[in-house]
């Protein structure tokens, strides 16, 4: 089930420079949402900016009927969203898309996050904890101050391995390099879940392939509708010779790592 | 002098259904403004709505450097303006246009207002009081609740003759009819000042002509620039045979009643 | 929400409009390519309440579409270069059409080809298919290399496609015109003379956007088609001009987001209206447009939707 | 703020561009009809900081312009039907031009006529006038009955006007083209062959709006020209296409409100840019565009504005 509704803001908080957490009252969405799914959020109120913005579901509080989003100010739409205050309504469409598949056993999994990629992965980590699955979380960010949710993730019983581009915390370098080094030592994961910028995901797919493990990646593409109608958000899947365009909004955003063809 | 500046909202208040009073900190504008002049106000913050909106200066507080606007929610722009709160900036361009000419003597004047027309006329009444000029104010509105500023105007020492379309206060009918009846009894005014909807102004111009008195009307026309550059806001002036288009934004908005040619 | 519902609109004949021999229970439909094949928006609204559905453009063979990015937002608008990704007519008939059979909803199939013959073959094929109510002939797609806009920008070619399609079908033929021409009236006149039953106005305006960081066009296809509120004034003008010159029913579209927008198109001369990009922002846009048109008729004392079509021409 | 100021830009030759033989100290100018004759915006910015000024369209005889309303806001845009209200060339020379003589600012005069001969006579007259740096030939105004768009929509007529104007002047001749054509490239090619020194792209898109309460067109003139952000994608596409086909310098315009917009036009192939409707909203738009272009050059390691003109064509 997916819904179109106006949700009241219960809280909006800046939790780091240019990074916001937004809580919304949307019981139907909270009840239906699965990790990896997203909402199409109306950031403005006039004809410009025109389109909704896809934002992942970061967490749900089913008891209180709340949905949390975690977003980075990337441009005009997200900048407008920061201006909305408690009590104001935000039009939401969702939950949309195919989320992460939850593991069938309680075997250890790995979660690899780059930057704002933690947004959907945090929801996944919450659910994993509920199912008693532990994760090694490779958490990449530009700098120490942007290693969001570290404490919360540890609190859920997961292990966190931070990496920062500037070396201000944890591993100094790319989170995929940290992850590759770790895999070289031990690659016993039932599943690798990943989300982050394009380049990071591409490298992650290589590592997953190299070690022959299962993996799922959550992709990003510019969206018109978010519901599968406009065919704008496609990504290439399949293998040489049988390439297929699939819609990130409905057939994704989460795809098996091996199915994505990188341009 | 005219200015382009961001003015901070010191107060925004709904003073009747769909009617707002907005106070802004803009010392330069407050110092320069004359009754009948207007500001080009940026109501939104994105590319839609695109244009500024012309709003008259309703009052100034030169000591505190404040400018007051009085506006009616007419459409998208003014609706957006209501959402701005204390402390937020509003981009203003002004003061613009040619205002009312102040009387050279202290002889009695008449002020005829229809609906939101009171916005610039109230500023005029404030200044007239400063110069010791008393006015008979014919104040027209749809209904009693929209006879704004009545008390304040009386407090300035002017006489108020209300008229309402629904008869809920004062004269039951058009303010121009009330004014015409009054003129028939006594038309000893040094000047008639008027502002209101098109039909009312047209009738007012007829009355002014009929009684051979001096009058000034503040016109409205759709504006692009507000500074005389685009030639969109023109009105017809002159007399048969020598019609001229003149710019409401710079050659007006106040014109001698006899110069305006009604289409 | 699928299954044959007793339509809420049944009996409200004052909203009925005719597009050639196609009867729509109300004047509100959707623009091709913005509403998929129906299931995409069925979770949000009762499809039976639409006057008709216009599906995504269909070609003879499946098409993969253009490289990404395929869509970019512009001021009050959207640029797209989908490139007619579609499963081809065979799979459209077997996989997409059955879903719509359960609805009380005329299906208008938007068709596109590389050659005039392609259009004829599509028309033939679809005419033999149950559940197809009309054809919308897309001679105005700016996003494909061959065909498309090529036909739409030359009055003679446009007429040729129209003639061939008309010869190949008994279904009402709606020709969808491009605004990217010096005179849309000239094209409309030729297409009308060639036997078109109705016109759809307008397809997208040719446009582009540049990524100033990458210093290259944003769209994979470089050029794209502009739609959304930004183009409304151009679309309205096209409807106005064509209505003055050609006596065919017009489906008006281009930037409609509200009932007020739709009423502008009706007053300018459209018989029906299609909501396009606005569906992306508000999946209930069609329903709001429909409700708003009804209120407008009531509040202004009109008994019938047909009374307002083209009315603004009387007041100039 | 008048008087000959020592320009702040003096010596910054990395911003200098040439439009034919016209040298602009920077690539930022204004679009005709949106900036009056100079005094209107002089209270808000130092006119000397502009690369040039393009004045409101001038005709041989004074014109009263169209009936009102002449302007209506549309989504992210503006429709206008001013109808070339202007004092005529004589009074322009005696009343408007002297104000600009005090500035270190090339004056580009936008000219329009009912006949090709009108253009020639205007060109002749203005060539004998001190203080005129170049002519922008408006063959694309949608708001006048005769001439205007008529010339711009037919490649042969456009070429004819170009040829006559070139024969009548030694000044650089910039032909301003209309986007309301099937192929703007076809027009550009003919105009180039006829001797144009440069092109201005684009004039407004033909559009309209309807007042649903009055049930009549909003504009007194019924049709108008669409400008502002809404048209940016179309304008950018025009610049891109023409740049590929014609080796003339292009002044790009249509919806520029920010430096980012202007840089898109430069990357698409414009040599200079003009800010139009955005002046209405932000009288300092030109200054912000100029500052932003400078930052872009610095931040991206370009030494000269000319390095980025058309750069996006290399990256496809």
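First chain written, first letter: the chains are A, B, C and D, and each begins at residue 1.
The rule is short, and it goes like this: a residue touches a chain if its C-beta (ideal position, glycine included) is under 8 Å from a C-beta of that chain, and two chains touch if they have at least 3 such contacts.
Just so we're clear, the structure is a prediction, and the values are computed from it rather than from any experiment.
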Remaining chains grouped by touching, subunit B not included: one piece
How many Å are there between the centre of subunit A and the centre of subunit D, using C-alpha atoms for each centre? 47
Rounded to the nearest Å, the gap separating the Cα centres of subunit A and subunit B is 54
Can you compute the centre-to-centre distance for subunit C and subunit D, using the mean CA position of each chain? Integer Å is fine. 35
At least two partner chains per residue is the criterion; list those residues in subunit B. 47-49
Check: subunit C positions touching at least 2 other chains come out as 75-77, 228-229
What topology does the chain contact graph adopt: line, ring, star, complete, or other? complete
Taking the touch rule as given, give the residues of subunit A at its contact with subunit C in the complex, in rising order. 1-2, 4, 42, 47-52, 91, 93, 221-235, 243-245, 250, 263
For subunit C, which residues are in contact with subunit B within the complex? 75-76, 229
Enumerate the contact residues on subunit B facing subunit C in the complex. 47-48
Taking the complex as given, what residues does subunit D use to touch subunit C? 74-77, 79, 153, 180-183, 205-210, 212, 214-217, 222-224, 226, 228-234, 236-237, 240, 255, 260, 263-264, 267-268, 296, 308, 311-312, 315-316
Under the touch definition given earlier, write down the residues of subunit B that touch subunit A in their complex. 44-49, 76, 80
